[in-house]
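There are two complexes below, and they share chain A, which is joined by chain B in the first and by chain C in the second.
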Partner chain A sequence: MNKELTKKLSAGHATCQGCGIPAIVRAVLGATDEPVIVANATGCLEVTTTIYPYTAWKVPYVHSVFGNAAATAAGIDAAQNALVRSGKIKKKAKVVVFGGDGGTYDIGLQALSGALERGHDFLYVCYDNEGYMNTGGQRSGATPYGANTETAPAGETSFGKAQQRKDLMEIVNAHGIKYLAQSNVAFIHDLKKKAKKALETEGPSFLLVLQPCTQLWKFPTSQYVAVGKLATETNFWPLYEIEDRKYTINNIVKTPKPIEEFLKTQGRFKHLFSDKNKEVISKIQSEVDKNWEKLQKKCI
Partner chain B sequence: MEKGGIIKHDLSKSPKTGDWAYAKPEVDKDKCIGCETCAMYCPDGCIEMIKHKEDAKNKADIDYEFCKGCGVCEQVCPVKAISMRK
Partner chain C sequence: MNNKTIKNKTNIKALNGGYAMAEALRQIHPDVMAVYPITPQTTIIETYAKMKADGLVTTEIIQTESEHSAMSATIGACSAGARAVTASSSQGLLHMAETLPVVSGLGLPIVMCVSSRALSAPLNIHGEHGDVMAIRDFGWVQIFSEQAQDAYDNTIIALRLAEMAGVPVMPIMDGFHTSHTTERVEVLEDEIVASFVGERQAENALTDQENPVTIGTLALQNTYFDFKIDQEKNMQKTKTLYKKICAEYGKISGRKHGLFEAYKMKDAENVIVMMGATAGTVKDTVDALRAEGKKVGLLKINLFRPFPYREVGAELSHAKNIAVLDRAMAFGSFPPLFQDILTSMQSAGSKKHDIASYIYGIGGRDTMQAHIEKVFKDLEDGEISNKIKYLQ
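Right after this comes the complex of A and B.
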């Protein structure tokens, strides 16, 4: 076992074979040498790392309920402020929250919004696997248009999810926080760099990290890095950061690949390649192009 | 469980996820360039770079006690030094 990488999250946890979530956690927590306290929303990470009576966490870890991971972090931050004031501790530990897209886009959104608005000093990391993967792949606000999910199944009359995904980056940016970034587990150096910047930011910061799910995006266990790379290379998931409202794109793809390259790697989009669903693919492509243009305009 | 409901990490009691594997990665130590790409992407943190020969670079070494056999290391290796064997 790698002693350096497993300093904060050990092996022996029960994430699926080929899941990228632990790599995200290690990259983020490895970006600081200071003590950290982790708060976690209910989700894949929580259920797999804390199977009673074991824990894979070597750092203080709090899980309360699904929707309030950000509120928990706010509480930890406020408690530390009180302890510093009364002289019981000298320096505050960093507070890091991990939440899935269900616990961030949907259920935890108001707790996140509240904590951001109050300006607590914490980093919120959302690992986005685009659905409620822990409970069998129901649709969430992050599921892309056209994906086949348990609660938006593709069939004779339906082509899967009929709505576009939520633009969480813009929602978080509207709170006017100092640093937020969109990253991808397949570009782990980019993720590390952003985690370091985010942890050094005073006040709230936010990272949105794509996490390809081998089980319910339906691809072989060895492919999470390859699928993640394609998401960025097709401009489906551009990497960018926003510092003091200033946008920077971190990887400009010179000739973006067609979206089919990304879609065809996954079983959840398999139905789109039949004749009757052809226009769904062209709609996804035009949406990707539109979002990319919008993002480029924001960078000026 | 301790007083106060604190569960402490104890690796010796942890489930050994190595028995999930249906294939095991093998490292070709001659091909491995010690770039650590596999170690960073390994979901279980079970790849370590260790010295196996004097005046040679550190090479990937896999902990089969925890390796789940997903095959990510084989896929990300830039020099194809890792292969999955049944």
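Right after this comes the complex of A and C.
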């Protein structure tokens, strides 16, 4: 494998075939030559890269529990301030957190909020695969409306998840941090560009990156880029950034594809194409349109 | 060192337990302190925050949004190679509970000062040991304090022990009875404490970019069990180290600390075993009864985890009747110290003792000398039931 690519995360990890998480990690960490320290929430990335006695990490790495990655990062940041002051280390490394949507939208949200409010110098990257995939595909606060999951299954009386996903970007933005952006692993150049900006930001910065999960979104392992692209091309997952409270959309989709184009690629939405669930698809489409309109207004 | 030298180097101050712990922390001068307020621990962190505001310390204080994050930030800081401490109580301690075995499993030398308090429900902010008992087997060393002086001494001993043994240590004082009671405390000179605790020499720190480490791995069926056995072996070693550090601390302070305090135990027939602040009341009672010619004594346990079974068993082997006083409920079971004393007697090969279980001081309920007299009377009369008695 490309030596440059595996400089910080080696090829010897155990993520599923067709998983985009290593690409996200490499794109983010590859965007800087400065030293980094990685803090990780429990989840897919952690269990596939640190199976004792092996590690795929070539940079300093720490994991402790599911919901505390941002708080762990806070401690590392403060420790470095003290160690620089006492002359024990020469300079600080950027602390980079990786957490899934479960560890970020849900169980780790409070820790993230606290760390953002206190203004620690760290980048938080949420790889969003829209559910608890490491534990087998349960619904999270990031799971989209209508998706069939293990804990919000579709059935005779259910069309899957009955709630809309959380708008995490707005929650994070409410903390008034200098830089945050929404990206998508299928647009790796967009991700790299944003990672560079985020890493160069002093204080907290945040990246929300769509990570199509071949196993539990249920699509062939060769298709994660194709599926990811459709998420953006349908406006389900627009690419945008917020710098000093100013919004910029990075990909204006002139003619967005209908949401069915994205939904039909995945087994988790298969049930929506039955006659009785047609309304659910219309509702998803109208929600996508509404959100897109709102986002555009914020850009003015 | 002779006593005269020690006296010259000691400042006598009127401090409550919380302030005494904060004073010890100031002298230890941690790099990072991550904290969240909870009564009756807040005296520690408020005092420390003021010390920082007054420029007495340069510690990075992280005011987290929860105790879970306070301990998590402490884990991050300690993993990065910093000397990191925190403090907690009651619900806060249990809010941290998920992270506590992580600290011990990783062998992080974190010191957490605890002002122990009752657990909800119903809500009660007062002293007892229910909180620290709930987490007693999580791999943290637990040291109990009787007075503000012990709270001060134990914090310094805890830091040295943590960093020498690679284990987390919890110096514990009774909420309010010790944490909020102002007492005479002998404070050592800053330089003496600084030289006693030294600088932290961190191994495998996250900040070592030349030798990147992975901390907090996934260990499966083929290795996890072995990790845990190694952890227990290390925990057992801390007992000897603790004794050694107490002896060294005795040299700089002139004060005696150790696994336990045997108070008038030499020829004692009827003995109370307990821990923490109420030991003062028991000592007064022992003195009063001794004046009447009764052979009574107190064994006050200081090191509760790892528990010194063999040593305690040997110390108690000459006693006739024993009453164990626990300041914690244990629903559907016998309370923790009582069970540990039974095990101690077993390990000392003694089966002849009658041991009674008492629970006292729950939710801050006062324990008076009359309560303790009654316990000694029960022992004297041989009234030892197999049921728990409550000193209400």
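Definition applied: the second predicted complex is superposed on the first by the 300 of 300 C-alpha atoms of A that agree within 3 Å, B and C clash if a C-alpha of one lies under 4 Å from a C-alpha of the other, contacts with A are read in each partner's own complex, and residues count from 1 in each chain.
Methods note: a contact is a pair of C-beta atoms (placed from the backbone, for glycine too) under 8 Å apart; a residue touches a chain by one contact, two chains touch by 3 or more.
Every value quoted in this text rests on a predicted model; they were computed, and no experiment measured them.
Visitor: Does chain B (first) or chain C (second) touch A:71, or do both, or does neither?
Guide: second
Visitor: Between chain B and chain C, whom does A:41 touch in the aligned arrangement: first, second, both, or neither?
Guide: Touch status of A:41: no partner.
Visitor: Is A:21 contacted by the first partner chain B, the second partner chain C, both or neither?
Guide: Touch partner of A:21: chain B, not chain C.
Visitor: Considering only the touch criterion stated at the top, classify A:181 as touching first (chain B), second (chain C), both, or neither.
Guide: neither
Visitor: Determine, under the contact definition given at the top, whether A:114 touches first (chain B), second (chain C), both, or neither.
Guide: second
Visitor: So in the superposed three-chain picture, is A:57 touching just chain B, just chain C, both, or none of them (first/second/both/neither)?
Guide: both
Visitor: Thinking of the overlay built on chain A, is A:9 touched by chain B (first), by chain C (second), by both, or by neither?
Guide: A:9 sits against chain B, while chain C stays out of touch.
Visitor: State whether A:288 touches chain B only (first), chain C only (second), both chains, or neither.
Guide: neither
Visitor: Which residues of chain A are in contact with chain B in one complex and with chain C in the other?
Guide: 50-53, 55, 57-58
Visitor: For chain A, which residues are in contact with chain C within the complex?
Guide: Those in contact with chain C are residues 35, 37, 39, 46-47, 50-53, 55, 57-65, 67-68, 70-83, 85-86, 88-89, 93, 110-111, 113-115, 117-118.
Visitor: For a test of understanding, state which residues of chain B touch chain A in their complex under the given definition.
Guide: 1, 7-11, 13-17, 20, 39-48, 63, 65-66, 68-72, 74-76, 84
Visitor: How about chain A: which of its residues touch chain B in the complex?
Guide: Residues in contact with chain B: 1-3, 5-6, 9-15, 17-23, 26-27, 50-58, 188, 214, 220-226.
Visitor: Taking the touch rule as given, give the residues of chain C at its contact with chain A in the complex, in rising order.
Guide: Those residues of chain C that touch chain A are 31-32, 34, 58-60, 62-66, 68-70, 72-82, 84, 98-99, 102, 106, 206-209, 212-220, 223.
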